[in-house]
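Below is one structure, written out as structure tokens; comments come after it.
Chains here go by letter, A, B, C and D, matching the order in which they are written, and residues are numbered from 1 within each.
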Amino acid sequence: MSVGFQILDDLACLQTRVREFISTQIIPLESDPRQGPHSPEEGLCRELIARARSAELLSPHVAPEYGGLGLTHQGRAIVFEEAGYSMLGPVALNIFAPDEGNMHLLEAVATPAQKERWLRPLAAGEIRSCFCMTEPPPGAGSDPSMLKSTARPDGDGYVIDGLKWFTTGAESSTLAIIMADVPGTGATMFLADMHAPGITIERSLQTLDTCFPGGHGVVRFEGLRVATSDILGELGQGFRNAQVRLSPARLTHCMRWLGAARRAHDIAVDYARTRYAFGKTIGEHEGVGFMLADNEMDLHGARLAIWHCAGVLDQDELGLHESSRAKVMVSEAVWRVADRCVQILGGQGVTGETVVARIFADMRAFRIYDGPSEVHRWSLAKRILKGTRR
Amino acid sequence: MSVGFQILDDLACLQTRVREFISTQIIPLESDPRQGPHSPEEGLCRELIARARSAELLSPHVAPEYGGLGLTHQGRAIVFEEAGYSMLGPVALNIFAPDEGNMHLLEAVATPAQKERWLRPLAAGEIRSCFCMTEPPPGAGSDPSMLKSTARPDGDGYVIDGLKWFTTGAESSTLAIIMADVPGTGATMFLADMHAPGITIERSLQTLDTCFPGGHGVVRFEGLRVATSDILGELGQGFRNAQVRLSPARLTHCMRWLGAARRAHDIAVDYARTRYAFGKTIGEHEGVGFMLADNEMDLHGARLAIWHCAGVLDQDELGLHESSRAKVMVSEAVWRVADRCVQILGGQGVTGETVVARIFADMRAFRIYDGPSEVHRWSLAKRILKGTRR
Amino acid sequence: MSVGFQILDDLACLQTRVREFISTQIIPLESDPRQGPHSPEEGLCRELIARARSAELLSPHVAPEYGGLGLTHQGRAIVFEEAGYSMLGPVALNIFAPDEGNMHLLEAVATPAQKERWLRPLAAGEIRSCFCMTEPPPGAGSDPSMLKSTARPDGDGYVIDGLKWFTTGAESSTLAIIMADVPGTGATMFLADMHAPGITIERSLQTLDTCFPGGHGVVRFEGLRVATSDILGELGQGFRNAQVRLSPARLTHCMRWLGAARRAHDIAVDYARTRYAFGKTIGEHEGVGFMLADNEMDLHGARLAIWHCAGVLDQDELGLHESSRAKVMVSEAVWRVADRCVQILGGQGVTGETVVARIFADMRAFRIYDGPSEVHRWSLAKRILKGTRR
Amino acid sequence: MSVGFQILDDLACLQTRVREFISTQIIPLESDPRQGPHSPEEGLCRELIARARSAELLSPHVAPEYGGLGLTHQGRAIVFEEAGYSMLGPVALNIFAPDEGNMHLLEAVATPAQKERWLRPLAAGEIRSCFCMTEPPPGAGSDPSMLKSTARPDGDGYVIDGLKWFTTGAESSTLAIIMADVPGTGATMFLADMHAPGITIERSLQTLDTCFPGGHGVVRFEGLRVATSDILGELGQGFRNAQVRLSPARLTHCMRWLGAARRAHDIAVDYARTRYAFGKTIGEHEGVGFMLADNEMDLHGARLAIWHCAGVLDQDELGLHESSRAKVMVSEAVWRVADRCVQILGGQGVTGETVVARIFADMRAFRIYDGPSEVHRWSLAKRILKGTRR
């Protein structure tokens, strides 16, 4: 039996390097004025990436032949948590959403030519990408089968029409991965250059979260022409592709947010140690101390759930059930942590005096992005009832 | 026995008027560009107040002789909830924090001259006021006894020195009510003109909430001279004054936020009725329907708790225990409502597409402002253990 | 406006009398050995009722012409809470389930002859009754439309066949109110003598709760003959009858359990005041103190919800929505109270050293009896979505 | 790195054997009439143990030289969960509390002579033992420093006086491990024969739980003489001994209860699959389905927390922090599971129709036994604040 939880030497060493990198190279940039109101600006993003490149930590999840470190999912669990400790860390390491998941998908299903054209510069941090799937009502949201965007065969290619929103990173992307219905054939993914005629970013959504470079765009496709060679994976296999991306992308979200929650907790612990009220430090008041204990339990439980699911993915399983489960467990646990940290900091907790308020606002979306908790609970229930899960 | 919950005719009529006023006169202004990123701007505030004045709804809590409607606490419960239905409603009716509580305090303890000078223009919506009590660490936060600001006798008056923060409305106020320690005598409240020499607004705090005109300032007093006639109430009775203001101000906060939570709920209900997923409206999914049911229970429970406490205050009791209890019950209930509404709206819930995200962000502070839940639970416990409460 | 919560003089006086009666006459009998393992035994029941009769407190909800005090629903709210303070109190006052609801139903819909035969001795505490509605799977449980028992016309009467369970009080009842389907006509209620041929109590269910005299029986009807004059209300109107009984019966359950929860809380407060650990009383530890504060908030919220709903019923409304809402709010609030009290008492909390463990075990069923929380949330949601509720 | 969660072959095989043993040999005995109202009777215990002996599964945690399988803590995690699937399983395998922890302690600190005399027959299932530590107020409960029992030097031995309660298994034990204060020297553990003069079992506590053979006794020591050779470990080192026992005993409690919770969940799943209401199985109602999903998340999280902590103990660490954390996480998670299972089963959930009600009642104590959640949260907080934990 091996229910070990030790981090082996190589990875422990990498963990230390990332932790130090975040602490010394990235956190100081958090107060950089280029951290705009809605997301980090281009110039700041470039500097972050340059620092990670120098530190040889760029795109660690990508295969070495495309410039990465080829980390397993368990390896990602360690590194991404460390990166997430700063809201700028994932940008620096080039492992933020949706690029990280897009690279994972391209590596898994793209043709060699597609990889050269898109994956290589993505992994090098030279371009960025977006994933055009979610549509405004009455289109595809939690229920992907409600897909309204279409890709109609036209000559030797396709013409795409439709409206997407919550297209994270739209404004700063070069590559778009577009999900559209090929009538009679089914959902299919296409690759397109965001600067191609027929793509318009109508506006950016104002959101509680401000950590995604390029924000969340509303993207319109009108007569966008794509070639057959721009199909990602196979025709009509859009949902199968989506599943390849799904579990890993969910889980890396968990990893990054776990790091952010740990950061908030560390700040709350420091405050609880030093702030006095009613004759002792607030940490010595059980009302606060118990919240710290609950934080630690939530962080610990979240980490174990991530590690477990990463182990499943490392065995080349799709892990749809496990990643659904981990996503709900982690997103709700880290949310509780963020909420408690705000409370512990008192008035300060709702201000910009620390990063906690920002982590809190950013994190609220995580119970919704990648499928709201309710949709995951529903899928979990169906599998439990079918008896396909013990 | 009378455990009636009927709203008598007069008040029901006023309720209808306020509801209509908010719906037709105020909500359309929510998308006004003068609703700045941190709080409504001056011009917008003036327009809101002008509309309420025309509608004869301005300062309804103030005694008729100072231009108000002389509402009881139970009357306020009805009117303030309606006003809170729009985040701009309390500004319009001149019943937002801290002005509403300040007017209440002035009416209760100010001298006739002080009332003429400050209460009359406040009630008329001509000037605004702030309440300078909270100090940054290591000063007075949840624990008011840690007061660091001082007012030293000097000639025929006092000289005030100190640093305050979370001074809501500081940037747009004319009147400051300042709590400071008169050494050897005790905490005392003073009235001062914010434009007097010796008062500096160092900066405004960035906060999750954006509904308070004038934001939350950091205010420094350096050699601020005040006259003996500027003492509010009696020398050394600052904390007793604070208690006069405390329960009513807590409770009106509850009323306004209840209105805001009801607004979020109504938006969520509309969305749940019309958005489809997995073959039916999302409201027909129990996962969403149960959240709506929980919302209604929380709103109902919050309203009853407010009405009950208002009844206690209307009997001229200080109501410290009852208002602590109501504050925790209501602030936590409406928070749960806001959080569920975000979740029901899915991706949209975290955007500016509806006001729900804003209500959510605004409301987080309410579990902290006016004393964090933990401090109230602690006071409740102490009284329960002493046996002063059944 | 009247959102008053004062208990008027007459009722306040009655409240005091009941409180004193419970304290001096009933609580001492809690350790009586005739309090059997599954429910109070007959002899004890008779003594309890005799004491209430002497105190002129028997059947206070019944009309004076049948020997009661003719309390309104709001009056019941006060008196039943006091009675519920002892698990034996409702038996003494003859207001326990299902008799109390049965009397209410008989008073509302029975013929004068039926009232003489059944209501009068019930109200006098001379006989007891059961309500035969719930059936084991696959029959009518939460979903009453799954009714399997039948009443087939036969001669000038009907023949009833079917199997019921959770028939509370079956073993000690003289009167059975039986819900059965008249094929082609619909659900109908019948009155029958439990000693009539064709009625067999197969066994009593072992349950967590032990407070219901006569336990919960499994009752079989085989060829039970009833006359047309035994129809309660009208033919085919069984569900309409059920609705008459439904809201009041739900709400009186809430009242009694509120009293029980208050009892548990009082015991926990006493313990928290006197038990020392780690250098101070456990009540002074915030971990315990906060639980006491939460208890008080839950008890207060439950009481307000009951009073509000009683006010609705006193206006002769069916109150289906309001009583569903109150039932969920109260049953979950008092459960949290009972659970916290167990926790505060520590090891003792799970023993027979106090009545808290018993209240805890009894109370668990309350989130299920009278409709599980899930069914109520579902109905609440449906009405909210239909817009029939604001 | 190794964050593997695979169960290696040997242990997987043992897991299968235990699972089959419980399913075929033990569960059928659950309806045995010798399962008394308060605990399994002697005859039944003997039969259970005989079956485990035949299956070569007796005392698997004990070293092979004393007849066990010498399982690591991680091995115990697997086997004990399987055993806990039936409330009789731990009795059969001789791994219930307090015997299992007592054997662990004896193996760690007893002299060879003490082991021969006590450990060997204990491991063989021939005798049973109790652990006399907890005292009624004002003695040692959650706060062990309040120890009131004394062991006064007398001749070449000691004389013990004191009153203990919650002495699990007292009525069926041969060996007592007694914690008493040697004045001036400190808390010390002694071994004694329960039949020695000076030991009286005053009575057994009535408790919600009924799964511990021998119940929970109140034990009085009056002039009990013990020899110096009866000291367990060293004089004055009672608390150090207690720490040796503490973490493993806490954790095995978690393991067994996890099995019980899984059992309840399996029963609830079966019911949710087959019971119809409102036109579909109740499992298809999200209100129930979500509870099943939450159950699975809680069971999964509890298992990971146990496995992690077992891994720490297997590295010969005391694991006080980790086992406190695991104890709170697991006891609260499995409680939520048991509570949901009762709710899913509806009326049946509170009856003896399934074992769920019993698991529920048994499990309530687990949030209190081995230290209530509040005491653990407090210790966790103190270590977090000290910074001894990351």
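Here, a residue touches a chain if its C-beta (ideal position, glycine included) is under 8 Å from a C-beta of that chain, and two chains touch if they have at least 3 such contacts.
Here the structure is a predicted model, which is why all the values come from computation and not from measurement.
**Student:** Given the two chain pairs B-C and C-D, which is bridged by the higher number of C-beta pairs in contact?
**Tutor:** Per the contact counts, B-C leads.
**Student:** Tell me, please, which chain's centre (mean of its C-alpha atoms) is farthest from the centre of subunit D?
**Tutor:** Most distant chain from subunit D: B.
**Student:** What's the distance between the Cα centroids of subunit B and subunit C, rounded to whole Å?
**Tutor:** The answer is 42 Å.
**Student:** Using Cα averages as centroids, what's the distance between subunit C and subunit D in whole Å?
**Tutor:** Each chain's C-alpha centroid was found; their separation is 38 Å.
**Student:** Where does subunit A touch two or more other chains at once, residue-wise?
**Tutor:** Those would be 285-288, 290, 374, 377-378.
**Student:** Please name which positions on subunit D make contact with subunit B in the complex.
**Tutor:** 285-287, 290
**Student:** Please name which positions on subunit C make contact with subunit B in the complex.
**Tutor:** Subunit C residues touching subunit B: 1-8, 10-12, 72, 74-75, 77-78, 269, 272-273, 281, 283-284, 286, 288-290, 292-294, 296-297, 300-301, 304-305, 307-308, 310-311, 325, 328-329, 374, 376-378, 380-382, 384-385, 389.
**Student:** Subunit A touches which residues of subunit B in the complex?
**Tutor:** 37, 134, 137-138, 141-143, 146, 165-166, 205-209, 216, 274-278, 285, 287-288, 342-343, 346-347, 349-353, 357, 360-361, 364-365, 367-369, 372-374, 377-378
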